[in-house]
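First the structure, which I've put down as structure tokens, then a few questions once you've had a look.
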Amino acid sequence: MEIENKFPGKDISEDDLKTKFPLAAKKDPEHRSRFTIAGAEFGGDLVPVFAGPNMVESESLIVETAKAIQASGAQFLRGGAFKPLTFPYRSSKYNETREAGIEWLKKAKEATGIGIITEVMEEKFIPLVAEVADILQIGARNMQNYPFITACAKTGKPLMIKRHFGCSLRDWLGAAEYAMVEGNEKIILCERGVSAPHTHRGSSRFLLDLQVVPAAQEVTHLPVVVDPSHATFWAPWVKPMALASVAGGADGIMIEVHPDPKNSAVDPLQPLNFAEFEDLMQSMRKVADAVGRQV
Amino acid sequence: MEIENKFPGKDISEDDLKTKFPLAAKKDPEHRSRFTIAGAEFGGDLVPVFAGPNMVESESLIVETAKAIQASGAQFLRGGAFKPLTFPYRSSKYNETREAGIEWLKKAKEATGIGIITEVMEEKFIPLVAEVADILQIGARNMQNYPFITACAKTGKPLMIKRHFGCSLRDWLGAAEYAMVEGNEKIILCERGVSAPHTHRGSSRFLLDLQVVPAAQEVTHLPVVVDPSHATFWAPWVKPMALASVAGGADGIMIEVHPDPKNSAVDPLQPLNFAEFEDLMQSMRKVADAVGRQV
Amino acid sequence: MEIENKFPGKDISEDDLKTKFPLAAKKDPEHRSRFTIAGAEFGGDLVPVFAGPNMVESESLIVETAKAIQASGAQFLRGGAFKPLTFPYRSSKYNETREAGIEWLKKAKEATGIGIITEVMEEKFIPLVAEVADILQIGARNMQNYPFITACAKTGKPLMIKRHFGCSLRDWLGAAEYAMVEGNEKIILCERGVSAPHTHRGSSRFLLDLQVVPAAQEVTHLPVVVDPSHATFWAPWVKPMALASVAGGADGIMIEVHPDPKNSAVDPLQPLNFAEFEDLMQSMRKVADAVGRQV
Amino acid sequence: MEIENKFPGKDISEDDLKTKFPLAAKKDPEHRSRFTIAGAEFGGDLVPVFAGPNMVESESLIVETAKAIQASGAQFLRGGAFKPLTFPYRSSKYNETREAGIEWLKKAKEATGIGIITEVMEEKFIPLVAEVADILQIGARNMQNYPFITACAKTGKPLMIKRHFGCSLRDWLGAAEYAMVEGNEKIILCERGVSAPHTHRGSSRFLLDLQVVPAAQEVTHLPVVVDPSHATFWAPWVKPMALASVAGGADGIMIEVHPDPKNSAVDPLQPLNFAEFEDLMQSMRKVADAVGRQV
């Protein structure tokens, strides 16, 4: 009788919790990891906010953005200096800023004291990135690059593991377990949209899977952040999906913010400008309050 | 340059709005249909709530449920007397109640005055169902049965068109246009989950597509209701997904409620009991208030 | 241990074969339905071919096509007089021909003696369509319209049930069981593409699911036909996918053929012209021979 | 008018061929790469066959398998010494054999002279793997690990890039372009199944996307191999899908073969035994002959 199943999901079993991802699995229904990074507590009532541009385009842009999002209440500045691009060709505008970008993130941190999260893509750059980052971001495309996750985890730095757009919750927890088995307990999960046949047509590039928030929270004690910007790829949908994420129990929100979205180096359709972000923060505070959380 | 696109979705074009679904399409960004059914206004600040069991199992069950959900603030009683089942075999428990079920819905309406929504599956039963229903529900499996939609629309009764789990927003709006071309303006859309590869594995039967709420509201003036019970198939996820729906801009919420969920004739994993529904209503009121709506 | 599972699929169990679709289920591994329609045997070594235009556009077009495909060796003429269109608006070119179309199919049958398959969409037209059709086609969009399947099955006419692009094998077999429970044993399944996230992007409208051929043949004795034209939506891919279907074990092939594809009333990208069809038939014969079948 | 589109796929444009993947793109409709590896020509009429176990479990197993598949006509021995596993825990049976496995592959090569393909997962092991491998395999999970693809490409060794189960054709060609931009022209694509909502339910772990064969061949000159074993995850479906692949135009076939499938260290449901593989080879030869190719 189906009602006996604890988990309706077909490929996470009770046995998986014990043998496949024992470290990531909840020990009891109330079990939630709590840890503090750059002064912000994860796993409690706070819903930390990560904001910033897709690419760390220039020093002035990233410092200006850091100040603006901090003024609106964000706890972390996000922005990529190293970034996987689907094709190998770059233009002067559409390019990684690499070592320079990392340097500019340092400047933003010095100017504001804000926490920093940024993606790292290669083992050889881990030390460089770890110098400035409070959280190392494992991008969706590296979610199943297990030797790399192991190397990042060994730094002891907190990690955010973004879910690949083609991977199941079970695959995602496997990635987290690879990090935890190295003794690293500050692991954050981040949902950023899945490729889905129906909504893709007639709507967007990816489909934000909000249902994975309660699904994940049912089996793991790790915090689950949601990134509606990359999922929707479309600024007008970011606010409703961000509010939905907070109401649905997300343990953090990542928002793409750019001083001048239409001139963003990458994906100009998705960032909010500063005023839109300030408006979103005010709305998220109200929704968080309605569900007993704080933004 | 992609930023010129009004709609990021790939298969809804500006031309579609004018030639494929001109009646369902918004005329301007502020355009929203408003209409009142059984005393509840759709398309305004109110977020009407539809609640009740999957099946109208018995007179006592449906009358008891009507009273309970009305006391908690729901505007509509839902419940199926006619219902598509994947296989043709029935047991005494797992069965349609058909004409008797319609009669019991009438009793529930007489006892409470609550609005009624129920599914109709065949043209020959439209008059019978229309006698009691304030809204005729076109089930997901009939979403592309255009002659049937036409027949339902001709009654002049308000219609709720559930989205098929394998259909795009564009397909869905085609179904709405078939109803509107008959002169019926009280058309309600209802999202109830899509089949998706990733979340299905490791979580649930369907994936609730909340992103379709802003996507639909961008192109159509019709109200968009969300049914998290059928999407998640799992009662513990209904509350977070219902709150997310309200925060994300849903124009109505449909919830499966049963006095004794584990003995529900169909899908016992998904209904809330009366106490859980009362708790959900209180939480939805707070979230609605946070986003300038009312439940 | 997973190796004990007879069926790796997650939602078809041994119990389903006995209780959900006992009539459609195989009784033993060698069990295959065999029946003859319009002189062509299904379920044996023959791979019957259905060919013709999307729409029965005119008498001359359908008679000409019947002669051409018969000369190339097709056993059945296909073509829609009644046809579900996603939006309710028609042009002089893009329209159903309805009663006239049925009349023209009769003319084609009189002129050639070829078997006829055509879609029926409404109960009231079943008698009209059944007058000319050797096989009633239930379109993908009606696959879950169970009362309609029941009504078609009661005519005793052979039925072809196309798989909805969003439905699983289990759903599809449920539709077949609804037909068989009426005592109708001449049921043919037809795969015509599923909506899938990955291939859709960068390739086509639907993804032809050839894997469902051995999957279906593992659990049901019913013949499984494949329609690569509707799946690929793109004439250059029809030949490789048709040959793949024959090699993969398909029990019939449906091909869209039009005398002048680019002027086809519907979906002009997908039909083959007569010469391309003749070439395909020759190639299919060779592949069929290589796998012990005949086209 | 849609008929003007050269490619029906929505996210590969004419412009993409020139600016996103100019090296992987066809220059004209007849353009096909031809190159020879370990004596087998790719891109011509030959359909090379890769066969062997999932894991290189032991020296005796891999040498025995190399002899058996060579006797049946396979050109390449496949088998993993390094292998991504979804969870970090290993048992004595379910484990990578790493350096030892590479050594055993060398023994198999010495014993038979057969070509070797094996996966490499980390930059530091590239030299070790490149010593024995005629083709370096980039696994599906590393398909978007661009720095790693670059490093592999720089060896000058032929590469096989497996398609991630959640990635589009466009994503896949981006990975190939990363390899080609390093001057490496011996790039082989390999389809091994996508995650799809419909077929997954009721059938298998992945859905073999055969339609991607003509789709890829329309835009790229690179050979496209198909791996039905990993896609179907189920030995009884491997033969029909392998034959379908050959008939559908695949430029190579990869088959999992194990002397004792049910005792395979990994995925015991999918390998063929030696007799089944011999039977498959004979059937593939006939189908290849029917379409003007050779196995």
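The chains carry the letters A, B, C and D, assigned in the order they are written, with residues numbered from 1 in each.
Methods note: contacts are C-beta pairs under 8 Å (C-beta built on N, C-alpha and C of every residue); 3 or more make two chains touch, one makes a residue touch a chain.
On a predicted model such as this, the values are computed, not experimentally measured, just so you know.
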{"item": "Chain whose mean Cα position lies farthest from chain C", "value": "A"}
{"item": "Selected interface, C-D versus A-C, where C-beta contact pairs are more numerous", "value": "C-D"}
{"item": "Centroid distance [mean C-alpha coordinates] between chain D and chain C, Å", "value": "32"}
{"item": "Cα-centroid distance, chain A relative to chain C, in whole angstrom", "value": "46"}
{"item": "Set of chain B residues in contact with two or more other chains", "value": "10, 165-168, 170-171, 194-198, 200-201"}
{"item": "Contact set on chain A toward chain D in their complex", "value": "19-21, 84-89, 121-123, 141-142, 144-148, 164-168, 170-171, 174, 177-178, 181, 194-197"}
{"item": "Complex contact set, residues of chain C against chain D", "value": "2-3, 5, 8-12, 165-171, 194-205, 207-215, 218, 231-234, 236-237, 240-241, 243-249, 262, 268-269, 283, 286-287, 289-291"}
{"item": "In the complex, chain A residues that touch chain C", "value": "10-11, 166, 194-198, 200-201"}
